[in-house]
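So that you can tell them apart, the chains are marked A, B, C and D in the order they are listed, and the count of residues begins at 1 in each.
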């Protein structure tokens, strides 16, 4: 059964998305899995990490014992300052986001759809939601990358024709990494760019509600060197 | 002829308006004559002078030779910092104004009307205008005081039933000092509160287009002690 | 100069009336005015409206959730009105599901901008955030230069409870690093701004006018946090 | 890190194309990017749109009026489109009366807020300033909570020319006193931000992250002002 085949690890998924970051990009990493993107370091590229709470240009997670209690990223993790860091207040931080300064935001999601919609803030049959800054970021970042498990715990697909859950923003997702591969959102739908080792396009399609575009130049998933 | 009788000096007019400032008020003084208000000091009151360029809590004019070229008031005059001064940028400075933090703005004017309108930004038959921050201040300060000569150089009244020039804000003026007296704007029109020494209400009315309300407790103009 | 320094948190919040609206800053537990919120909890005002990024955490620390758990709050405006993990059932979540408290979910940037609008005398503004989502339903939409926006309105409050790093006696405030978050815009937006100060309240004149994050004109009351009250 | 330091003002403005829109800060002569404006004057770009508090002064100093007098500007957005004293006839006033240049008179706070809206991705906003006056004619009005507002739109530009006091090599900026004025909001609003620095360009890391007025992410080019270029 496919369930027993090894899938990609979360760090590998986030490494792969981080490989797409370009020199001098301003990068915003969502809470949870996306923060793993900052573990991938390409010395040829300078990245500026922005956090909703107004920290522009923070560094890696603070080593134990060296935390500054006043310096956290969007996930509440203590980070270290790096030279050039600047602090602004919340309104100015979202001015930067809405102003189109963020080159990419990486977020987790419950669902992502072939039209670029995604849902990551509201669970059905539960009042309210945990929207945080996701709607502002999704609507205004130049690109939205999503990292999510390909299926739910009980095997239902998360890569859909249309989202079933209330969406975070319409038509904004450009790139998706799941534990089965890397997917580009195109006008024709999800294009499978890279498959997890040992997984065929047909096996991946089987776990996907949306119809995948399989390009002639499909490659195996690229891991960090 | 009335023209020969001595009128009030500009400093006396501004002193009189400044006497109305209350303890802890945030005061914005317009360019020109209104800046004279800061020459009147009542040691029992703390005033905070705000200038549109983002200076909150500036002090007196800088003595010659002690100017800091980076510190000017709205009129471009070098002022001295006083303890507690804070600087903000222009958008935050007008956030403070529109936010209703300014207790009084004192401005010059070409005309003021009995309905509280005033005009101080546009001359007829000239394109454009010098509005500066006057419309924001006039619309949003808690009170608007006006200091102006009672008549034009050729003797035409400036205290009108309705402004002839394009107005700066409708219905906002609360108190007017001219070289003939002090006037309160009331629902019934201009109330002459204090007359210049030697001037009768009838003489002042003669140089005023609007019909003055003359209260039973009319007083002589109050000068600084 | 008006004396803005209060000797106790209780004294500083004594006049908060039932039915007041308040703002409570903080992000991921940093910059939360815990001492003032504790005092408000002791003070007991009820039917409050709260404006905050979240509705309280599950830890033992005092935050807006403490007031909610004590049934002091009738409505919250927040970017998080459900837990980020479904397993987390805070007092707010329980009460919200039971209909004992009302809430409006506001995208975080819209929340910040609505506070900034309140501080700035802006009547309303068009933002692109939330367009095409459930949170924009029923709101006025407009296309401007080819992009769709929704109209959002200011959020005012009677009180802002603020956690600053340093202040002068006039109320000029400085924050340290990500402690800043919502603090400045809330301090500028509320009618009465009450500040707990971590490090020092220095004599007026000691802060560089170029290095002030909130001008003192916005600050009404200052309380120095005692050593045992400084925790994030 | 991308090198943002340019060796000359001429090099820093070399790519400004005919027809560009630019922002030039300054208030009462303080914080005016005179060296960059002089370079733009030498560079000769034409049909420019300028956004500035005023349209040039009568003194001999270089400002936006220098570009206007050289017929490089086709339209101005400014809070002063006529002199404060009727006797002052600047090149702008002459050309404006003669129909050689276009202008829009914008109340100063609305000007600042339109720049801030451009920087902030706000599609439009309602302000109370100018309601009931000629400048509000033809604009959309709305009553919100009993007060009347007019709708105003962002002012974008290709370039902002900025005068800062100090910078680091990443472009983080600090201003001194009333030099700040329009500088930060223009630096944040324009597509390309070019800065002349009075005092020092220090190595990245030397500025306290809590004491930065414009984050370096907004800054594209930095030029150190030589000793003879520092004048207000």
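As a working rule, contacts are C-beta pairs under 8 Å (C-beta built on N, C-alpha and C of every residue); 3 or more make two chains touch, one makes a residue touch a chain.
These figures come from a predicted structure and were not determined experimentally.
Here the chain-to-chain distance from chain C to chain D, counted in touching steps, is 1. Across the assembly, the mean Cα position most removed from that of chain A is the one of B. The centroid of the Cα atoms in chain A and the matching centroid in chain C are 29 Å apart. Centroid to centroid, with C-alpha atoms defining each point, chain A and chain D lie 37 Å apart.
Each of residues 113, 116, 120-122, 127-128, 175-177, 180, 209-210, 213 in chain C touches at least two other chains.
Chain B has residues 81, 87-88, 94, 97-98, 140 in contact with two or more other chains.
By the definition of touch given earlier, these chain pairs are in contact: A-C, A-D, B-C, B-D, C-D.
Those residues of chain C whose C-beta lies close enough to touch chain D in the complex are 113, 117, 120-128, 142, 144-145, 147, 149, 153, 174-177, 180, 209-211, 213. Note for the complex: chain C touches chain B at residues 1-2, 116, 118-122, 168, 170, 172, 188, 203-205, 209-210, 212, 215-218. Residue ranges of chain A in contact with chain C, taken from their complex: 31-32, 51-55, 68-72, 74-76, 81, 87-91, 93-94, 97-98, 122-123, 126-136, 139-140, 166-171. Of all the residues in chain B, the ones that touch chain C in their complex are 23-24, 26, 46, 48, 50, 56-57, 81, 83-88, 94-101, 140. Partner chain A is touched in their complex by these residues of chain C: 27-30, 79-84, 86, 93, 96-97, 103, 105-110, 112-113, 115-116, 127-135, 165, 175-185, 213, 232.
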